[in-house]
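Only one structure is covered here, and it is reproduced in the block below.
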Amino acid sequence: MVEIDKRWLYLVLFLAVFVPMLRPLGLPVDVGKWSSDVFKAVEALPPGSVVLLSTDFTPSAEGEVGATRDVIAKHLVSRGLKAVLVSFVPQGVRQADMVAAIYEAAGKRSGVDFVNLGYVPGGETGIAAFFADIKKTCPSDTKGVPVEQIPLLQGLDTIEGISLIIQFHTTVPGAHEYVRQLVPYGVPLAIVISTGAMATVTVYVQAGQAVGILGGLQAAAEYEKLTGFLGAATKAMDSQSMGYLVFISAIVLGNVFYFAGKRAASRSGAAGGKRI
Amino acid sequence: MLKTPVLPFWVLVGFFAFLAFFIKRGRRVDNIRKISGLEALSEAVGRATEMGRPVFYTPGVGEVMVGASSVSTMAAVEILSYVASLTAKYEVDLIVGVSKGDTYAISDATVKQAYAAASKPDAYNPDMVRYYASGYLAACVGEFQRQQPSTILLFGHYTGEIVFLAEAAAQTGAITIGGMERFNQLPMMVASCDHTLVGEEMYVAGAYLSGNTVKLNCVRVQDLWKLAALVLFVAGSVLATFGNTYLVKLFK
Amino acid sequence: MRREAPLILSSVIGIVVILEAFVQVPLLTTIAKELMDWVVILSAAALCLASVHLMRTHIMKVSRRSSLWLYSVPLLVVFIVMSGAGLFGGTKAPVFTWLFDRVYAPVDASLYGMYAFFLLSACFRAFRAKNLLATALLVTGIVVMLGRSALGPMLHHQFPTAVEWIFDIPNTAANRGVLIGATLGLMSASFRLLVGIDRSYMAGE
């Protein structure tokens, strides 16, 4: 078997990702069905509707879903939609703060146009408790204002008062828990997810339990194209495409070496070289 | 009285009734399919004994207290009990890396009990079970490189960590056996590990390893209901193909 | 009673919560909601316990000079600084947000940035066309990667459609099978927990 120092592969990947950042290639972005579905679901909401954004992701997923978070927030602001922000992972509160910052930058008011309810512990049970009684589960927002004094939450006792849920799923609890707990309520759910885990949630779209999926950086770039808010995802798509090319090349090269090594071994009658 | 739809309620009642019946009356189960990953555990621990290097076990990033990952994590702890009994018997070092506090408590107690049951209570060392918290990933990869275990066992609930763990494990040249019930990173585990438990094989593991009749009868009931689901799938597909959506509406 | 009490408690609570999902009885709904709120509180307490345990573990490592104890020192320093900033200044305090945005977030993101390199290594080493199924896995992976990037549509306009078909049909079919099997396993494991056959949550009892 042919030996290759892995560090050469790492260098190739690094260059493939880094060079397009300095010199964009301008590769086109085609919009897919799932991104369109989420876009249409948001566009169909009348202004003033309340959307729940569940930012259940840690900074490790920033590269995958961070750009989606920003473009969705801008889209909601542009449509005049109100946002209730919550997180079922501790680090997600900071992600919700970033959505709140986009609302504030557009002149929106906390408590009226958006509210950040902070972290709710308990995993799936926390989600169930939140859906059943929002105000009891979150007695105040992250600024310490009691929920009874928050105009946005007046009349919003259970999740049934929400027009659309956009859930960022990269860890547990995530989309699977949301789908299970939403069964009694029937509120539409859009899932934002990392590319690697997309395969696990397409079944919910097929079954009608989710309206659409925004999977990874590709979906973020598609959503940016749909909304017109071009940003980080569109810029990063060149790097992602080149990175995928390196992965495909590594698979092909690995197999070429594997079969060449097998042929050489069968000819010489002895295994040669060290496996990487 | 019953909330709509009522079908899930009766499905659950029926399933529990089957379980109760088979647990009470079921005969001994002798013909369970071989699961290569579990069969290889004993051999893998034996290899560690021969090489004089430790066995590394991790029950994943799930919690025992909350969420659907709790069942998968408890299944991993059941497997840990078996592995700990083997390492006690063969007198080989065991390192258990844990990510969550509640999993740590149960894993520690499980290992201690396994060593006591193997009549080797003095061989148990509290440092065997290590709580890494949010540094779990880096700590596990570091342990692989420092300790050079000959056997690495990755069972439980994982998300993206499995890419690191499986690849880092493969790079050490250790025998790697993994198991997870989630689907998303399973291909990575299958490609990198020598043996893999897929989906519900994780839940069966405890029954398989212990040979407990009650648990094996639960597996029998699961198989019967899977067969029923398969029949419904086929019937529903055939009916829907000819324009009859009765079954589709029934389960909606 | 030490062994029976947790079993009875978990069984009763489990049955109440399961029944509430299916049966329309106001008293059950009230009890179940209250229990769910208790879980939220207990989970927060468990988080605190885990943090205290982590501190204790590393303080003991430092005091005993156990193996690699030097690594425990920066962990303890960062833990105290971050916790202090959050507890005394609140999570909106500039110190806390600075530490989160400038220290924790980049470190966490960098760790997962290594994902790409580990995956590349796996692509080269592990994804071999050893048999028909492995070849199908490889080809599917390559098609999906091309379809989910800008390259696929440039090669052929049907690539995104092919990817959607792969996700919608074979992937969903396989996923459903695994989900149903895993759910039945989950139901069986839950039943064993409810009736006390499985007691692994009782920490070795």
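Quick notes
Which chain is which? They are A, B and C, in the order written, and residues in each are numbered from 1.
Note that in this section a residue touches a chain if its C-beta (ideal position, glycine included) is under 8 Å from a C-beta of that chain, and two chains touch if they have at least 3 such contacts.
It should be emphasised that the depicted structure is a prediction, and the values quoted were computed from it without experimental measurement.
The central chain of the assembly on a C-alpha centroid basis is C. In this assembly, the chain whose C-alpha centre lies farthest from subunit B is A. Looking at A-B alongside A-C, one finds more C-beta pairs in contact between the chains of A-C.
Centre-to-centre separation of subunit A and subunit C, using mean CA positions: 16 Å.
For the pair subunit A and subunit B, the distance between C-alpha centroids works out to 28 Å. Residue positions of subunit C touching 2 or more other chains: 21, 39, 42-43, 111-112, 119, 121, 125, 127, 141, 175, 179. Contact with two or more other chains is made by residues 60, 122-123, 125-126, 184, 199-200 of subunit A. Touching of two or more other chains is recorded for residues 3, 66, 68, 160, 183 of subunit B. Looking at the complex, you find that subunit B touches subunit C at residues 1-3, 6, 8-9, 12, 15-16, 19-20, 23, 64-66, 68, 71, 74-75, 77-78, 81, 100-102, 104-106, 109-110, 112-113, 127, 131, 133, 135, 137-138, 160, 163-164, 166-168, 170-171, 181, 183, 187-188, 191-192, 198-200, 202-204, 206, 214-215, 218-219, 221-222, 225-226, 229. Residue ranges of subunit C in contact with subunit A, taken from their complex: 21, 33, 36-37, 39-40, 42-44, 47, 91-92, 97, 100-101, 104-106, 108-109, 111-113, 116-117, 119-121, 123-125, 127-129, 138, 141-142, 145-146, 148-151, 153-154, 160, 164, 167-168, 171-172, 175-176, 179.
Residue ranges of subunit C in contact with subunit B, taken from their complex: 18, 21-25, 39, 42-43, 46, 49-50, 53-54, 57, 66, 75, 111-112, 114-115, 118-119, 121-122, 125-127, 137, 141, 174-175, 178-182, 184-192, 195, 197-198, 200-201, 203-204. By the touch rule above, subunit A contacts subunit B in their complex via residues 60, 122-126, 170-173, 176-177, 184, 194, 196-197, 199-200. The part of subunit B that touches subunit A in the complex is made up of residues 3, 61-63, 66-69, 157, 159-160, 182-185.
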